[in-house]
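Starting off with a structure, shown below.
Chain lettering (A, B, C and D) follows the sequence in which the chains are written, and residue indices restart at 1 in each chain.
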Amino acid sequence: MKNYILKFWQILFTIMIGMKVTFRHLFIPAVTIQYPTVRPEMPERERNRLYVNMDDCIGCLQCERACPVNCIEIEIVKSIPGEDLGITSNGKKKALWVTKFDIDIAKCCYCELCVFPCPTDCIYMTDVYEFSEFERDNFIYDFVTLTPDEKEEKKKNYEEFKLKKEAEKAIAAEKKAEEEAAKKKESGTESENTTDDKPE
Amino acid sequence: MKNPEEIFEILKDKFGEVIIELFSDKPTESFISVAPLEIDKVCLYLRDKEGLNFKSLMNLSGIDDANGEKIKDENDNEIIQGGTLSVFYHLESIDLKHKVTLKVSTDRENPEVASVEEIWRAADWHEREAYDMFGIKFLNHHNLIRILMPYDWEGGYPLRKDYQNPEFYKGMKVPY
Amino acid sequence: MALKTEEMVLNMGPQHPSTHGVLRLELVIEGEIIKSVTPHIGYLHRCFEKHCEVMTYPQIIPYTDRMDYLASMCNEFGYVIAVERLMGIEVPERVEYIRVIMAELQRIASHLVAIGTYGADIGAFTPFLFCFRDREKILNLFEITCGARLLYNYIWIGGLMHDLHPDFIRLTKEFIKEFRPNLKELNDLLTFNQIFIDRTANVGILPAETAINYGITGPNLRASGVNWDLRINDPYSIYDRFDFKIPVGKGENGTVGDCWNRYYMRILEMEESLKIVEQAINQIPDGDVSSAIPKRVKPPAGQIYSRVENPRGELGYFIVSDGSVNPTRIKVRAPSFVNMVVFGELCKGHMVADVVAILGSIDIVLGEIDR
Amino acid sequence: MIYDWLYSLTGSEMIAIGVQSLLPLYLFILPFALVAVLLERKVAAHMQDRLGPMRVGYHGLLQTIADILKLLQKEDTVAADIDKKFFDLSPLLVFAGSYAAFAAIPFSGAFMGSNIDLGIIYIVAVTGLVVAGILMGGWASNNKYSLLGAMRAAAQIISFEIPTLLIVVTVIMITGTMNLYTMSEWQTGYFWNWLILGGPDFGIAKILLTPLMLMAFLIIFLSTLAEVNRTPFDIPEAESEIVAGYHTEYSGMKFAIFFLAEYANMFAISAVVSALFFGGYQSPFGYLGNLLEIGWLIPIEQFFWFTAKGVFFVLVQMWLRWTLPRFRVDQLMSFCWKYLIPISFVLLLLVGLITVL
C-alpha cells in the first residue's frame, strides 16, 4: 500500500518537475534564427564551395592527386618556348597551359585536402554555402580561363612543337647513329648490335 | 598478465602441431599462427583456461593475402590462383588485461575455417562479414549468410583483391 | 480456455521514425509481444574497406569521418593513432592535448544526440531539441577550429589541420559553464521522470557475462556493471594524465544493465568528459601542431590492431600494410556493429514499444554498422 | 435560448434546428481548430526554445490556413488493398463522434446545442463512437501498424471510459442532475461555489468534499486525456513505435479530418471538465452585465468564460504533451486498472457517505 501511494505520488511529482522546466522555457528567448532572412556569420576557416584562382594555377596536379574522391579533373598542355604565361602572385613561373580544370562539386566531400598541397594557394574554400542546382551537370564547375579556341590552339601548338621536336630529334638521332656507325666501322664490328636498336 | 611468447609456449605444449608459429618481428604486432580447422578448440582453451581467461573477442578480421599466382582469365581480367586467405583473431582478457592475436590461413580455392561463434557470440556478425567479403566459410556457424551485401548477391566476394564488379545485378547496371 | 493467436511478421524499417537510420528489423510478434527479432543491415554500405585499398593513408581520414558520423573526431583520432603506431611517430604535446579536447567534446556531442533521440523514441520530444541546442554549441566550436561542423578531417597523421582558433579556449569555457545547468535541467525533465523510468527500467536487461561474451563495449558494457574503459584500462594518447572516474551501472531504478542504466551512463559520462576538457584546456602547452606531420605517409610492412574508446564503445582499426602508400587491408571494428549483435537477444519477450526503447539505449549509428 | 429565438424569427422548426446544429461547427470547432493547431505549434516551439511558424502572417498567424489550403490540394493517396468503403467512412465517424459531443455542451446560459437531461452521460456515450471509427480505419487500412494502433486505441479508450464514468457518477451524486446546464447553474455565483471547491452549500460537507473533488478532477482529467489519445497516453499513434498508428495510411483531407477531430475532442473534454468542476460557463467574479444592468451582455460574458476555461485546459494538455514521454501499452492499462479505477471507486464511496450524512 505504501509503495502504491508512493508510486502514484512519484509519477505526479516528477510530472510537476518536468512541467516546471518546460514552463520556464516558455519565457526563454528562442535560440533559432530565421534563416534566409537572418544569416549566421561564417567563421574564417569555413569550408564550403571550392574556388580556383586560375591566374595563379601552375597546373602542378597536386590537388588532383590529393583529392580522395577524384572530383578534380585537370588536363595540362606544355607551353612552347617563346610563350609567356606570366608569373603567379607569389612569383612562380608558369610553364603549363591548363586546358581543363573541372571540379565536380557534387562529388566534393569538403575535406580541404586539396587546399594544403597547393604551392601557389590558388585553390581554396570560400564561405559560399548555397549553390543548389536543378541540373546535375551544373555542378561541374569549369575554372579554365582559356576559350575553347585557345585550348585547341595550345594543344595544336604543343602537338606541332612536339612533332617538330621529334623530327629534330629523329634527325639528330639519325645523324648520331650515322656518326656512330661510321665510328664503329672504323673501330671494328664488336659492338654493332647494341647501338642499332636505340630508341626513337 | 602474460605476453604472447608465454601464451605461445602454453598453447604449443597443449596442442602441439596445431599451433604453427609465433611471429613477433617489429613493427608488426606479434601473432600466433594456428591451423584453420582447429581454431575453435584453441579458442575454447584460451577462453576457459585459468590464467588465460580470454573472455572477449575484440575483433575478427578476414584478409586476402594475395600471395598466389596472378594469371589472366579469358576476359583479360587478372585473377589470383592459389595462395591463402587469412583470418585474424584479436583476443583480450578483461580481468587479466592481456591480449593475443591469432592468425589462421586457409586455402584460397576452398577456404574453410572452424567457427568460433559458439565461443564468443561477438564473432557471429564478424564471421558473416568475413564470409560476405572474402568467401571464407566458417564451419558450424548457425547462420552463415551475407550480411552487408544483398542476400542474393552473385557477383563474388568484394574484398578479394581480384574482385571484378559484375556488369549487372538483377537487370540493373552496376557501375552506374 | 486459451485464445488461439497467430504470429504476425512486422517489418520495422528501413524507413521508420525510430530505427536511427536505414535499419530493417523483422519482428515476429504475437499481439504486442516480441517472439524474435532479426536485424537486416547493409542498406548504408558504402564500401569503406574496399575504398581504403586504393587510397593513400591521409586520404582515408575523410572516409573515417563518415563511419560514425556523430563522432567523427573520435574516428579520426582512432585511425590516426593506429597509423602513427605503425609508423612510430611521436606527436607534439600540444597536439595530444588538442586531440583529447576534441575527442571529449565530440563525446559530449555524440551522447547528446543519443540521449535526445532516446527521449524522442520514448515519446518526449522536448529533451531532443534541448540536446540538439547544446550540441549545436559544440559544433560551433568545431566549426571555428576547422571550418566543418560534422565531418572534420581535422586530426591528421602526426598533427592537426589547424592550430586552435584564438577564441577557442574562451568559448569552450563559456560552453562548459552554460552546459552544466542544462544537464541538470535535462535530468529533471527526462532522466528522473517516473514515466521515463517506468518505460526503461527493467527493460532489455543485459547481464555482465553475456555482455562480455557478445563483445559489447562502451557505455553499454559499463551499464552492465563492468568497469572497463580503454581510456583508463588501456590508456592511449595522454588520458593517463587526467583525473576522471568511470561511471558504472548500479541499477538505481531497476536491474543493473537495463535500458535506464545504459541511458544514465551517457549522462554521467558527459559530466566526466566535461571534467577532462576542463583539465585539458587548463594544462594545454604551447607548440607547433604540424611539426610532426610526415611528408609522405608510407608505413613499414606489418599489421596493427589499435583501438580507442569511442562514444559508442571500442573502435578498433586493424591495418595491414605492405609497405606501400596504400594499405592492404583496413578492417574497422565498429562498436555499433558489435553491439547490434545482442539486440535480438535483448528484445525477446518484450513489447513492440520496448524494441524502440532497447534499440535507442544501445545507441547505434548505421553509418558505422554498414560502413 | 437561441432555438426559441430562431424559431420565432423564421417560423420554421427545420431551419432553427439546422442552424443551431451547424452553429457550433462553423462558429466554434473550425475556428477553434485553426487557433489550436497554431497554438500547439507555438507553445511547443517556445517550450523548446524555438520560434515555430513565423512566415505566413505576423508570427505565422495564418499558418494553419495555409496548411489547410495545402491539405485540400493534396492528392488523396489510397493504397491498393484497402477496404475503400470503411476507409472513407472512418474519418467521418471519428469526427461525427467528437462533433456530436458538442451538442450537449453548454457554451453559455443562452446557447446550448440541445438541453437534454442526460447531457453528461450522452457525451460520454457518444464519444464512444470514436472507437468504432478508429477500429474501422485501422482495419480498413490493411497496414500492420494501423492495425496495431487501432487495437491499442480500442483497448485504451474503452478502459479509460470506466474511471471517467465513475467520476461522473460521483459528481452526479453531489449535484443530483445529469443535465450540464443545470449543473452549471447549480455552481453559480463566485468561484468558491464551484464543485472543485465543494459546491455552493456551505458547511462541513464542503470542507470534506474539497480534497476529494481535487482528486476526482485529477482522475477525470487524466482519463479523458487518455480517451482522446494525447501524450502521455498517445500510444495508439505513437510515432516512434508504430509510425502514426491508425491514421498511417491517410493523407490529404481525410487526415485533416482526423486532425480536426483530435482538436475538437481536446476542447470537448476540457469543456466537460470545466462544466463539471469549474462552474461551466459561470464567471468566477460575477458579471459585468449585472453590474451595468445590460441583460444581453451576460450570455456573451458566459461564452467568454466558458471558452477561456476550455482553452486553459487545452493549454494544459499541450503543456503535458510537450513535457512528458509516453507510457507503454501495459503500463497504460495498469495505470488505469490499478490506480484510476480503484481510486475513483473509493471516491465514489466516500462522496456517497458524505452526501448521505
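Keep this in mind: a contact is a pair of C-beta atoms (placed from the backbone, for glycine too) under 8 Å apart; a residue touches a chain by one contact, two chains touch by 3 or more.
Everything quoted here is computed from the prediction, not taken from an experiment.
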Neighbouring chains common to chain A and chain B, by label: C
Most widely separated chain from chain B, with each centre as the mean of CA atoms: D
Rounded Å distance, chain B centre to chain C centre (Cα mean): 26
Separation of mean Cα positions, chain D and chain C [Å, integer]: 45
Computed distance of Cα centres, chain D from chain B, in Å: 64
Chain D, residues touching no fewer than two other chains: 47-50, 322-324
Junction residues of chain B - those touching two or more other chains: none
Residue numbers of chain C (touch at least two other chains): 126, 133, 189-190, 193, 195
Interchain pairs in contact, sorted by label: A-C, A-D, B-C, C-D
Chain C-touching residues of chain A, taken from the complex the two chains share: 7, 10-11, 13-15, 17-18, 20-22, 25, 31, 43, 45-47, 66-68, 109-113, 116, 125
Residue numbers on chain D that touch chain A, as the complex places them: 43, 45-51, 54, 319-320, 322-324, 338-339
Touch list for chain A against partner chain D, complex: 4, 8, 15, 18-19, 21-23, 25-32, 34
Of all residues in chain C, those that touch chain D in their complex: 8, 10-11, 16-18, 32, 119-126, 129-130, 133, 189-190, 193, 195-196, 198-199, 351-356
Residues of chain C defined as touching chain A within the complex: 55, 58-63, 65, 126, 133, 136, 143-148, 151, 153, 161-162, 165, 185, 188-190, 192-195
